[in-house]
Amino acid sequence: MNNKTKQKLYEIIYEADTKAGKAFDIVLLILILLSVLVVIVESVSSIRTDFSIELKILEWVITLLFTLEYFVRIWIIRKPIKYIVSFYGIVDLLAIIPTFLALFIAGTQSLIIIRAIRLLRVFRILKITRYTKEGKILLQALIASRVKISVFLFSVLTIILIIGTVMYMVEGEPNGFDNIPKSIYWAVVTLTTVGYGDITPQTPLGQLISGFVMVLGYAIIAVPTGIVSVEISNEVRRAKRERVCPKCQFADHDEDANFCKKCGNEI
Amino acid sequence: MNNKTKQKLYEIIYEADTKAGKAFDIVLLILILLSVLVVIVESVSSIRTDFSIELKILEWVITLLFTLEYFVRIWIIRKPIKYIVSFYGIVDLLAIIPTFLALFIAGTQSLIIIRAIRLLRVFRILKITRYTKEGKILLQALIASRVKISVFLFSVLTIILIIGTVMYMVEGEPNGFDNIPKSIYWAVVTLTTVGYGDITPQTPLGQLISGFVMVLGYAIIAVPTGIVSVEISNEVRRAKRERVCPKCQFADHDEDANFCKKCGNEI
Amino acid sequence: MNNKTKQKLYEIIYEADTKAGKAFDIVLLILILLSVLVVIVESVSSIRTDFSIELKILEWVITLLFTLEYFVRIWIIRKPIKYIVSFYGIVDLLAIIPTFLALFIAGTQSLIIIRAIRLLRVFRILKITRYTKEGKILLQALIASRVKISVFLFSVLTIILIIGTVMYMVEGEPNGFDNIPKSIYWAVVTLTTVGYGDITPQTPLGQLISGFVMVLGYAIIAVPTGIVSVEISNEVRRAKRERVCPKCQFADHDEDANFCKKCGNEI
Amino acid sequence: MNNKTKQKLYEIIYEADTKAGKAFDIVLLILILLSVLVVIVESVSSIRTDFSIELKILEWVITLLFTLEYFVRIWIIRKPIKYIVSFYGIVDLLAIIPTFLALFIAGTQSLIIIRAIRLLRVFRILKITRYTKEGKILLQALIASRVKISVFLFSVLTIILIIGTVMYMVEGEPNGFDNIPKSIYWAVVTLTTVGYGDITPQTPLGQLISGFVMVLGYAIIAVPTGIVSVEISNEVRRAKRERVCPKCQFADHDEDANFCKKCGNEI
């Protein structure tokens, strides 16, 4: 094959502007979701025994297609090494090797988790769609708030540790608070308002302390929300500010606007 | 009946400006709520056996009134086909057919869900009340944030899938994590802080991972809240901006203001 | 007693500016909390039998003091009828009558709830403290968002009704979803992320639907938070705006500022 | 040792600007986390019996290092009394005495909680890191919203008390609502959406009331979130305002900016 075919394939596989490129992305997306679905349904024992052969065939078809895609990707890109060691390159590789490894290793069970990594391939599709801009704003907001969130999480973990220790002292072994790690597990379950109910305070004092822990958990959830709200607000404003009309400098455009609503100039 | 009667009926049924129109809306609202109530209480076996005849009569009275209303609506409107195929037209039809179908089909049980659709009729009333403006702001905010929310939900679903698979590996069948779908169900229950407690981690490692999942769930709830807060804030500002005083251009009016508080001009 | 004594008593009981007035408020607050505590501990059977006489004495002492206060309030105020029929007047009356009624009626048990109304008396104290301003901002924000919150709650209730009916169809009687009301109870428990676990879906389809309900509940909690955030933000800004410097019109003062930070003028 | 050594030690222990100071902080951080870990794992009975001697040795090594550090801190500081009675001085002392006390007192178990106080030492490290600024913003926001949060929490506690009493009347002793304190515990568990499920309403009326409590809890969580969001937003703006360019007065700088983006002047 000559360079032109290579160029064409590059456009189809790595870009999404052409019709063929978009079709490729959709087919790939379906294949990825299908491959994840195979992993999921195979874990259900009744399905595993009833559709053993069908699942195995599907597994191999998908794996071979992924393998083909992987090598084509390496072949047509200018810097193959850079792709291979990139995040997506490694994910693409991890998506195919478990099936081959299963030929040599008996317990495929232990490869299930690596096969689940295939799901990460879905991000490949999203990377090149219109969702990126919005996702970028969210990501930027989370990155901007990472230090505040860390401080918050560290404080929460300290509180959880102290509560866990106190409750271990108050309730003790007979009531399910066997040791501090288990007590901490209870504290996490309670403070995050999950509340399984597998371990619950039995003594009046323990129930009183639990009450305060719950109200505390209910109140401090406000903190990360406040942090992220402010940062998303900042990011949205920043994203808007980048869309300033070059003619009249008006900046408060709607997200879907293509022309300045003040002077009609194209933005 | 002549055209004048038709016009009068149109005003009563389709509009809410006249006294009769408002009375009609209230009667309709009560009938709708009553019809939903009949469906609900009929599902309670003790009530179903004790008040069998009363419920049947009530059911038929409401259905016949709805049927009458449905045909009157078709009759008085200028474009009947447009109404019949509209959302409300279909809902109005679905509100009456189950009772008639029950005459021919034995198991009325299976029609219960269609009968519950009647509740959607309530929106008909709301459509023409003052709640619409506020509802519109909320709806606009949700629409404006739909892409960000989608990106968020997709990320959450990916996280849930990975957590579910990991926990299936860690806990396994003896502890209730029978297969990946069930494990994913547990992950949803935990990450959303619902925490039924029907499936709980038993191993120390499982409890450790659960703890991280809970804290994660506790933290990422901040993201949709932040998104919606920002969008509601934008929508409220936009709604206010539409109420600019035509004389002095002042824009920050209270929601219940009828006159500009700066120059006294009517807004 | 002459008018001067009456005036003095009025200042002590109805106002909080004088030293005696503040002391009265604190004594009253302690009495109110004590009276509520008596109601609470009396419900614990072991305490009720062991401290029967002590509780009865305490109950009567508090009631007689409240009775005395009630009649003094009526005596010293200019418009007694207005006080008697006011919210606080009724609460003050309800705080004393259960104890007297218990003399004539055997089952004091049924009066416990009316005795709990005493707690509402606590608001009397708060009414005249510095907390009022902040409470007012919160209340104003909630009032300003009442229509939006109503629309939201109505939508949530509709969703809950539909989910409840669907789950009754899917799970049915053998799995605890006995009837639609119980199914709706489950839907509320799940959508609000409370998650008792007393009723849980058993079928795979039920668990799948539950998963969507949970994610939905997780996402829509963002809506009221967004609404209230925006309104609190508006109220805080409005409260600040009322503190404009009369000399230089500067408005962005800190909450504890007494002088304009731009021109030094008293605000 | 002369004054120069003392000065050097002061820089290492109390400051973090030098290389040695940073190294000291990291070693101290590891020691603190290790000491907390010892307390935690010692509570697990299987580990306590298997690694009894190892844990005891580790415990004593850490305690002696902490003791050494404590006395060096006293020795090198100019005002030792001020350090000893300071928050960190007391925490440092509490971190070492339990181990020594265990020599004389039989049940070390009861000292576990004091030993857990060691964790508070971690804040010493954080005090001098770059996290302080962000933590300060969060703390300032929480301080600024303390009155609003108090008003909110007081209202919530009143609601909880009333709900608890009502449910005690409705459900009563046979259904687990033994007395008002336990009923209040249930109300806290439900309103905060924790939902253990150890006590659940059994009567239809109780389930109906619970439903309203849950929706209420779901809605009012919006209030603290709104409060904190607004305050964080204010604090972030205030923190930014302090970074005004001295040359051109431009104020909206990015957090990591060192130069004014308008005029290039150093901020």
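Every chain is named by a letter (A, B, C and D) in the order it is written, and numbering of its residues begins at 1.
Criterion: a contact is a pair of C-beta atoms (placed from the backbone, for glycine too) under 8 Å apart; a residue touches a chain by one contact, two chains touch by 3 or more.
These numbers were taken from a predicted model, which means no experiment stands behind them.
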Matching A-D in over half of the residue-numbered contact pairs, the equivalent interface among B-D, A-C or A-B is A-B
To bring the C-alpha trace of chain C onto its twin chain D, one rotates it, in degrees rounded to the nearest 5, by 90
Cα centroid separation, chain B vs chain C, in Å, comes to 29
Chain centres from averaged Cα atoms put chain A and chain C apart, in whole Å, by 41
The positions of chain A in contact with two or more other chains are 181, 184, 193-197, 221, 225, 227, 229-230, 233
Chain C contacts chain D in the complex at 36, 39-41, 43-45, 110, 112-113, 116, 119-120, 122, 126, 130-131, 134-135, 137-138, 141-142, 149, 153, 156-157, 181-182, 184-185, 188-189, 191-198, 221, 224-225, 227-233, 236, 255
Residue positions on chain D within touch of chain B in the complex are 193-197, 225, 229
Per the touch rule above, chain D residues touching chain C in the complex are 144, 147-148, 150-152, 154, 158, 161-162, 165-166, 168-169, 178-181, 183-184, 190, 193-197, 200, 204, 207-208, 210-211, 214-215, 217-219, 221-223, 225-227, 229-230, 233-234
